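Handing you a structure now.
Letters A, B, C and D mark the chains as written, and numbering starts fresh at 1 in each.
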Amino acid sequence: MIIVLKKNATQKDVKLVTEKIKKMGLDTHVSKGVERTLVGAIGDESLLKEGQIKAMPIVEKVMPIMKPYKLVSREFKKQDTIVKVNGLEIGSNKLVVMAGPCAVESKEQIIDSAKTIKKAGGHILRGGAFKPRTSPYSFQGMGEEGLKLLAEAKKLTGLPVVTEVMNTSQVPLVADYADILQVGTRNMQNFDLLRAVGKVDNPVLLKRGLSATLKELLMAAEYIMAEGNHKVILCERGIRTFCSYTRNSLDLNIVPVLKKETHLPVIVDPSHGTGKYCLVNPMSKAAIACGADGLMVEMHPNPEEATSDGDQSLTPKSFTKLIEELKPVANSIGRKL
Amino acid sequence: MIIVLKKNATQKDVKLVTEKIKKMGLDTHVSKGVERTLVGAIGDESLLKEGQIKAMPIVEKVMPIMKPYKLVSREFKKQDTIVKVNGLEIGSNKLVVMAGPCAVESKEQIIDSAKTIKKAGGHILRGGAFKPRTSPYSFQGMGEEGLKLLAEAKKLTGLPVVTEVMNTSQVPLVADYADILQVGTRNMQNFDLLRAVGKVDNPVLLKRGLSATLKELLMAAEYIMAEGNHKVILCERGIRTFCSYTRNSLDLNIVPVLKKETHLPVIVDPSHGTGKYCLVNPMSKAAIACGADGLMVEMHPNPEEATSDGDQSLTPKSFTKLIEELKPVANSIGRKL
Amino acid sequence: MIIVLKKNATQKDVKLVTEKIKKMGLDTHVSKGVERTLVGAIGDESLLKEGQIKAMPIVEKVMPIMKPYKLVSREFKKQDTIVKVNGLEIGSNKLVVMAGPCAVESKEQIIDSAKTIKKAGGHILRGGAFKPRTSPYSFQGMGEEGLKLLAEAKKLTGLPVVTEVMNTSQVPLVADYADILQVGTRNMQNFDLLRAVGKVDNPVLLKRGLSATLKELLMAAEYIMAEGNHKVILCERGIRTFCSYTRNSLDLNIVPVLKKETHLPVIVDPSHGTGKYCLVNPMSKAAIACGADGLMVEMHPNPEEATSDGDQSLTPKSFTKLIEELKPVANSIGRKL
Amino acid sequence: MIIVLKKNATQKDVKLVTEKIKKMGLDTHVSKGVERTLVGAIGDESLLKEGQIKAMPIVEKVMPIMKPYKLVSREFKKQDTIVKVNGLEIGSNKLVVMAGPCAVESKEQIIDSAKTIKKAGGHILRGGAFKPRTSPYSFQGMGEEGLKLLAEAKKLTGLPVVTEVMNTSQVPLVADYADILQVGTRNMQNFDLLRAVGKVDNPVLLKRGLSATLKELLMAAEYIMAEGNHKVILCERGIRTFCSYTRNSLDLNIVPVLKKETHLPVIVDPSHGTGKYCLVNPMSKAAIACGADGLMVEMHPNPEEATSDGDQSLTPKSFTKLIEELKPVANSIGRKL
């Protein structure tokens, strides 16, 4: 960490700052420039209390050098992490497509969905049993009944299941039925929930928060890994910007950045990321082209009857077409689907 | 709700749309313009499933007319809600100042804080016992021990206590010690937590999420009120924008907008809102000047020794000065402090 | 346009509003809902003065139905516009790559660049002679001398030239030397400049402003077309968001949206869009995959000696590799490079 | 500037970097940490070409220490700059209110406006003769005729005039009629225009761009000052964020930050900043309370007949009330109006 002192810093000020840093357990290195004196803190930056240093009136600014994340970092582990689910690999050269309706609505709906996905060449079934909804008056999901229907669809088709867990107390129940536990966008910094899914054995799909920075997303993954669960899949699903022609702004820039910063697999959700069914196809192709390890796509047997997110769901026909069209794109960058 | 059809909509398309709306329980009203046909849905808009309508290929866009929030709305309740806490009123003509350290660190620290606040003229003691931290390796709060220290500080000074609850399972414990339950920024859309604090009797301080829209903030309050707890205090504490000279961008614009849209009291947290101690004084004055009902301010006996947020905490001296300087500002707009 | 009146609107208020609209030359259509009265304005919406209507105290909100752009719109012209430059087509099935250094620095540099681009398979030479720089103390470009060097490079290689024009008074000069005139990000709403380039015959490359909405970008193109120049090429080059791991946030979402809304060709600049050379390759692929008609890429014979933007420039070697790798991506979606 | 090298940097890499810096004319200082080697560049940072250094493959990141602005900086000039216009002072303890219609529309309108402003206690008349409009089909201003009417209104009331100049070629004309030249939001980085207004003697009101950072705003002012014109007034007028309840998000946080960073006067435009007449009063008070040196407010004799921005214009009555209510707010912080 570099501490920049204000212009008028005296010898005594420098001493105050270096002593504070030494008390925290680091070494210091003072460098006098033409206009500013800098104090470098040498050692384990995680011991530094940045706020305390910034609170010193003589400090102008503080610039961290080290990355705050450890276990998630590419420096910590050079090889790509491959998360295995029922024999399927996420993060390998072969791309993975997760698909299904926003919410589980009925036995017929989820089984229809699963069959379509299986037939089209999708790999994992998604569907919400517990639904985080902006309004308390909207459909909140079928709960455990929904989980049972997902399990039934899995049994019939062999597709592993990913579904959201909203609450620490739901973790054991959802972990029982689902193959992959999803932590939703709004819960990306629900730290108690992160710790809870860090204690189970299921892989975790961690969705980026609407205004999460790179660091915040990686630190959220770090929470899960710090509890012992290293099977974390990151998911970009749109951020909040000034643009209103999409529901959110799918931020594909983060895909190659994440692949560089972390060894964890990265998937992209263009359905939530754009909020419009007609953008799912082109943005899925773009996601694959820039290096995503897979996709999560909303598909509903009949979007015009969906209880939620009908406007961003593909029909079975357009989903099947998407998979067909993604294959050559995957091949064009040396990957498989 | 107004449904705008695509240019090429036929008589048959119009019929499909009106029938869909009627099936949802509303009446329709068709209006043919020069270039577009519009279908108006008349009746209870909350019955409409917007996603299903947008999923119809002939629909170009959908424009809601009604506000989705009810109990929180100024239309539902004309008079200002005044939340009472230990004889204190929040939302009346008299402004309320909540202050204290980011985290409870020790008995001495919290009691010193409480005494300073009391003496300076502050009204409510804040301090975190359970701390949501970006990093799993940072101090996570003293837990129940911290709650006990807050209770002790209250006993000594008479100041009511506000503190954060992070998890549904913590609600009974925190509700036992604290006067006001705080739902933090990162949990603004933790819907299970909102429902849980909606079931207790304590007032709830609901902090706006970093990227929460007006509607999302009010719908989060609606979740709490829908469970029966109408004692909700809203808190603006900074949003995420492209600006980096502040930690967040304190959005004072929402203060007069909220006062118009809702009857609930609105307070402002300039400490988190700006992240810099030197901006707390001017932005506190601005918050009062544009109509906030109170402030939440970080104050620490010694910011240079704070376990967290030292960089945005006032010293006892600057806090005392702040209160003195706020009084004439409050008077200048016809209010009291 | 739909005008939503406040809840307490009387018969008299409705009359005031309808008369105002009729005076502007449109017809009206009143619809009484359960809670609100709506007034629809029927006819040419461009005659409506939205501000005047919103200024009426009884008006709650105003919702436009029609799109404000005409000539640029896909409704106005169904077929894709193909802009021709020296026999080259921009906007056809064959993709176009514009490349070159940020600024023209010397004869050797620009001729080296042109040769590399030609050899690698690029189509158009870019290079700034007049440079908009954040600091008045930075290199501001070689001016006319730079234009001459571009012309020389064109002569040698046959590559058409695109270069920025910053000022109405420069238009004739730049139009003399360059094939395509570039209007830069910071000038996207320099309306006098838009009008000036609308009066010449050269194609115009219009770069999206850092915080430009879809509507603002299209209205800027409308300014050019309204003056008679219909050869406009739109360019996405990154927007300003809260993300700081890229210099700007390349917003690929707008590519398929633009292809739907307008008949104009759309290209993408991943160099400015991300600001990091290592992201240019993956984001170029993504841009092509989601439907862009071409790319604009910074390439410098020696980025470590570039007067500007060295950090986002490809080396000749990485540029050549990019072109090679883009070909299969183009093919995978049925296009050519 | 601190250059952070990648983990695997060798002795040879360090040498390459230090030599590059030395060639640029600065000294270096190498510091080996536990995980990273840092190279400090000591001397005049403005000589450093950041892009070139970032283009070196061994460089991980570059962190500037010095501020890039000079003449505008508080370090360069400690005392507040007071801009004098016709005997009036901007930037002194006495606040200044600029007011008037968005556009000059007629003799009657502008003279009525000027009289109202004068009587209410306003100080400067604003009004657009050249109007930057998003649509080429909207009213573009009266041009020179508008300037003449402003001059007439000034003659009658004694109020100095501020009006926008959109183009370098207009500068002499506008400078002839107006007391203060306004550079609008969309032209904040029209560098040729900045240079042109830097060469005249009139004070310049520089409006912040919609997505301008602190640095970009100050560098735009630096452009003007570098040409010799030191009479620059900065104006915050709303930034682009995700919030849609206001037209823009008035960013008051920048007011105290600017007062610390620069000696130039800072005024606030709550009319454009919020886009809603009902928010002008509370946000004006907030602007004053946090330290603005004045306001720019839209006022129209009859907003319901305004050619533009009727929705954000105050009526004469509400403007008069605003001035009355601002006086005690100014007094409460020790200033005068």
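Definition applied: a residue touches a chain if its C-beta (ideal position, glycine included) is under 8 Å from a C-beta of that chain, and two chains touch if they have at least 3 such contacts.
Here the structure is a predicted model, which is why all the values come from computation and not from measurement.
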item: Selected interface, A-D versus A-B, where C-beta contact pairs are more numerous; value: A-B
item: Farthest-lying chain, centroid of Cα atoms versus that of chain A; value: D
item: Chain A and chain B: spacing of chain centres that average the CA atoms, whole Å; value: 26
item: Intercentroid distance (Cα basis), chain D paired with chain A, Å; value: 39
item: Set of chain A residues in contact with two or more other chains; value: 211, 240-242, 244
item: Footprint of chain A on chain B - complex, ascending; value: 20, 46, 49-56, 68, 132-137, 166-169, 186-187, 189-192, 195, 210-211, 215-216, 219, 222-223, 226, 240, 277, 303-313
item: Residues of chain D that touch chain B when the two form their complex; value: 211, 213-214, 239, 241-246, 249-257, 260, 273-274, 278-279, 282-283, 285-291, 325, 328-329, 331-333
item: Touching residues on chain B, where the partner in the complex is chain C; value: 2, 4, 7, 29, 31, 33-36, 38, 40, 42-44, 63, 65-66, 75, 240-242, 244
